[in-house]
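What follows is a pair of complexes built around subunit A, which joins subunit B in one and subunit C in the other.
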Partner chain A sequence: MSKDKIITWLGERFDLGKIQELIGKQVNKPLPKNIGWLHTLGSMSLFLFVSQVITGILLLIYYRATVNEAFESIKFIMTKPYLGWLYRQVHAWGANLMIMVVFLHMLRTFFMGSFKKPRELTWVLGVFLFIFTLIFGFTGYLLPWNQLAYWATTVGTEIAGAVPIIGEWIKVFLRGGTSVGGETLSRFFVVHVIILPWLVFFMIGVHLLLVRMQGISTMERVDEEKKLQMGEGTPFFPHHILKEGIVFYLLIGILITLSILMPFELGEKADPLQTPHAIKPEWYFLPMYQVLKYLPKLLGILILGIAPLLLIVWPFLDKTKARHPGKRPVSVGIGITMVILIIIFGLLGYWAESKRIIFGKEYEFDVYGKPHRIFHETKK
Partner chain B sequence: MPEEKEIRLGHRDFLGWILKGGIAVTLVGFIFPAITYLLPLTHQAPVGSMIDVGMEGDIPIGTAKKIISGGKVILVVHMASGFKAFSAICTHLGCIVDWDDKKHRIACPCHAGFFNPEDGTVISGPPPKPLLSYSIKVVNGRVMVTV
Partner chain C sequence: MNTKIRFVIFMLFFWTANSFFAPSAMSNSCLKCHVDYFEDMKASVHSKEEIFCDSCHGGNATQKLQKDAHDVQKGYVGVPDKKMVANICGKCHADVERMNFFGIPTDQLAQYKTSHHGRGLFQKGMNDVAVCSDCHSYHDVVKVNDPTAPVHPLNVTKTCEQCHGNEKLMNRHNLPFDIPEKYKNSVHGKALMEKGDTASAQCVSCHGSHGANPPQVNKIVSVCGKCHINERKFILESVHAKLVMAGKFPECIACHRNHDVGPANLEFYELMCLKCHQKTDSALIQGERILTLLKDSERMMKSSALLVRQAGIDGFFIEDEEAILEEVKTKTIEFRPLQHTLDFEKISKLHVELKAKNDEIDSLLKRKRKDRHARKLALVFIWIFISIMILTLWKRYKQYTRLK
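== the complex of A and B ==
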């Protein structure tokens, strides 16, 4: 069948002119002049999501979500099928990068004031997408059923148990029983491979639709944004697409390089009778985990619960008109303080319960991340 | 002499082809390993090994025993003439055949196919071919099948 025949066949059934016009409008849509490399963070997040879905499907071919088989099936993936090790590593690194990139995307939106009117709902959806990305990480971490995963999940779900009144119920509900076991694995598996992917898929759809409908934010003040006419600004295709293509290839390179040079170890199979020393959550939960150590349980949970709520309602609290970070000293100040606090608590969490040599002196960091000098007794 | 038509390739066309080619190469580079990864790993089980079916006395004459090994289902029948081993997968549509105690023949429950327990040939019914047979012998009182 020739190309013309196919087009005629389709043309008799659909209004091709209208479809072409619709696509053309999207492709040639002008973007504001201030669009730069930082504006590719959103599509980088999308790219990583797609990469996670593809590598995830490949892993699912051989993965088995049962207590007896999970660990062995991952071991099998890493040794037997062609490039199985690479798919697992790209999936694991992709998860870490995705959390980082989604967070940076959120920071960009915050500091450039893009979340302000009329884009409040896009921001709210984005915050939910960030939270779901974290849950993606938390549920996926358990699936290899190794010691670290098992105990990180035990500790993580234990934290939920500290919520007043309903805490115990939440804990048992999350675990599917009183302790982490086969039921937990099944639950996390279903959330990780069915519920979250579809939920995030549709939310990304709406998020993108809103971005396309309302256009990309400029630095102009709220209610003073000028609508771009065709032929103005930077064309979406090919200018911006090319930029995105470049970052996609960079990301592929980074993912594969990290997978080869810094692979995630599988470790030992989960043993419910043996807790390893200094169990810690993944790095992206470390700041929260560390904050909980300093505060009474209830207060800590309260503060950590307020943080995401504050993010969600932020566009409705900060209704000032200015977008440029230089003209919003208070909110930019709050933003920078939060980022610094996250980094500090993250580092304290990282150092806690470890021994390190700093400038030739040996220190032991306690649970709170406070260093104690170690003096070795010299034998005479 | 007819004038040759000059083919003009501009910078833009050239770059366009490089980009399109690059994308195509990338896609092929991703899809091929993925397909290789999906190929079933069926050739990993040890081949040509002996399977221990059990003691000679465990299977009296006129009875049979079914065993599973390396994904294969094997029917071991003890006839007056000695032990016989057949693949229990019916040659018709792949159902698992069974030993018919009363009529002393191998029967497929799906479409009433019957096989001769001496050599696996079809007695009646739709199966097009005899059952695949395996070599079987008794070593120190134990029945061993070679797969």
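== the complex of A and C ==
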């Protein structure tokens, strides 16, 4: 069947002209001049989501979500199937990169004031997408059923249990019992491979729809944005698409390189009777985990609970018209402070309960991340 | 209630309770005078079965006066001599009907009479040989599996040592007195006394207990073969089998010694064979060939274990290799009994199998290392491809922006 025949066949059934016009409109839609490399962070997040879905499907072929088989099935994936080790590593690194990229995308939106009117809902959806990405990480981390995962989940769900009144209920609901076990694994598995992917898929759809409908934000003040006409700004195709392509190849390279040079070890199988020393959550939860150590339990949970709420309602709190970061000293100041605090608490959490040699001197970091010099007795 | 009445009821309760729990012992008149013996025997197996003084010493335990209780006419024997001890114990312990329900064998007396001890006592009239009470004790006899029993596996060496470590006594019988000391330093002695391994051989494992005798030369293989089953099987397939059966060659102890059995090692081939063979013997040359295979098998096992361990440290999954290593270890262990056949072909066959397993581990690990290396090498090509793609896209991008 020739190309013409296919077009004729489709043309008899659909209004191809209208479809072509719709696609053309989207493809040729001009983007504002301020579009830079940082604007590819959104598509990078999308690419990583797609990569996670593909590698996740491949993992699902062999993965068994039971206490007795989960660890062994991951080990099987890493040793037996063709390129099994690669898609497992790409999935693991992809998860970490996705959290990083989504967070950077959110920072870019925040500092460039893109969340402001008329794009408040796009921002709200974006915050939810970030939260769901974190939940993706939390639920996926348990699935290999190794020691680190088991105990990180135990600690994570224990924190949820400290919420006043409903805490215990939440803990039991998350775990499917009083302790982390087979029920927890099943629940996390279902959330990770069924609920979250579809939820995130539809939310990304709406998020993208809003972006396409409202266009990319310029640096102009709120209500003063000029609608770009055809031929103005930067064309979406091919200009921006070429940049996206470059970033796409770069990401693939980074993912494969990390997978080969810094593979995630599977470690030991989960043993509920053997608690390892210094249990820590994944790096993206470390700042939160560390904050909880310094504050009274209730206050800590309250602050951690308010943080995402504050992010969600931020466009409705910051109603100033300016978008340029130089003209929003208070918001930008708050943003920079928060980023610095996240980095500091993350580092303190990373150093806590470990021994390190700094400038030739050995230090032991306590649970709060405070260093204590170790002096070794020398035999006379 | 009146205090006096309370006291009387209290005393009555204790009196009745006491007589209820130990009626027979209390009614035995012997214990009125020999209460100190009762302290010894109340935990014994006999006391628990209500077998008291008169069962062994005779007399009348219902009489309250000493002269009536110690009436020789009533069978009173007082302190029995050694022969009497054997017969008194045998009276019950050789009684099939009586022992039936306790599940205790009844051939001890018969066995004892065939032993060196028994023959010395009954046939030669020796009074310084061991009899039942010398090993089992007398008033406080407990079951063999009781850890406090002198014949419990962990204590039996000390019990035998009481006589066999006694220089004067052993000299009287022209027997060596250093055997217990030798045993303590042997592999068996160390396993038993230092590690508490009750499965390890001790005096009675080889000599027998009631029928204790030194094994004859042609019985040594059978004695050692009780535990070392495969070694026995393979020795009987060896060129030495005929000599063993003819009682001309004390197979096991010829190399391993008897009481002071040391750890078996490959040096035996270089030291022990020369005791009988000349250096130019073809048998000795055969032995050297076998020795080479055995040494090689030990080397292979060690090298495989090292390879697997190092691969584990380097972050490889080594479950498959560990499973093969277990086979290698099993095969290496198989060499130990098999070498007793002195059959080069059989040993060589096992060596080939072992080598195949060893090579399998080696090739599997090599492949894994090669794979890892190939992955790193592939990165170079991947980045060349990515760089080309990025450069092409960048060039295009620049073209478009310039056009605009």
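What we mean here is this: the second predicted complex is superposed on the first by the 380 of 380 C-alpha atoms of A that agree within 3 Å, B and C clash if a C-alpha of one lies under 4 Å from a C-alpha of the other, contacts with A are read in each partner's own complex, and residues count from 1 in each chain.
As a convention for this text, contacts are C-beta pairs under 8 Å (C-beta built on N, C-alpha and C of every residue); 3 or more make two chains touch, one makes a residue touch a chain.
A quick note: this is a predicted structure, and the numbers were derived from the prediction, not measured.
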item: Joint occupancy of subunit A by subunit B and subunit C, clash or fit; value: fit
item: Touched partner set for A:Leu83, first subunit B, second subunit C, both or neither; value: first
item: Touching partner for A:Ala278 - first (subunit B), second (subunit C), both, neither; value: neither
item: First (subunit B), second (subunit C), both or neither touched by A:Ile340; value: neither
item: Touched subunit A residues, subunit B compared with subunit C; value: C
item: Apex subunit A: angle to the C-alpha centres of subunit B and subunit C, given in degrees as a multiple of 10; value: 50
item: Partner chain in contact with A:Leu58 - subunit B first, subunit C second, else both or neither; value: first
item: First, second, both or neither for A:Leu22, with subunit B first and subunit C second; value: neither
item: Distance of closest approach, subunit C and subunit B, by C-alpha atoms in Å; value: 7
item: Residues of subunit A at both interfaces, subunit B in one complex, subunit C in the other; value: 245, 249
item: Complex contacts: residues of subunit A adjacent to subunit C; value: 75, 78-79, 234-235, 238-239, 242-243, 245-246, 249-250, 252-253, 256-257, 260-261, 263, 265
item: Parts of subunit B lying in touch with subunit A, wherever the complex brings them together; value: 19, 26, 33-34, 36-39, 41, 44
item: Residue ranges of subunit A touching subunit B (in the complex, touch as defined); value: 58, 61, 80-84, 86-87, 245, 249
item: Contact set on subunit C toward subunit A in their complex; value: 315, 317, 319, 375-376, 378-379, 382-383, 386, 389-390, 393-394, 396-397, 400-401, 404
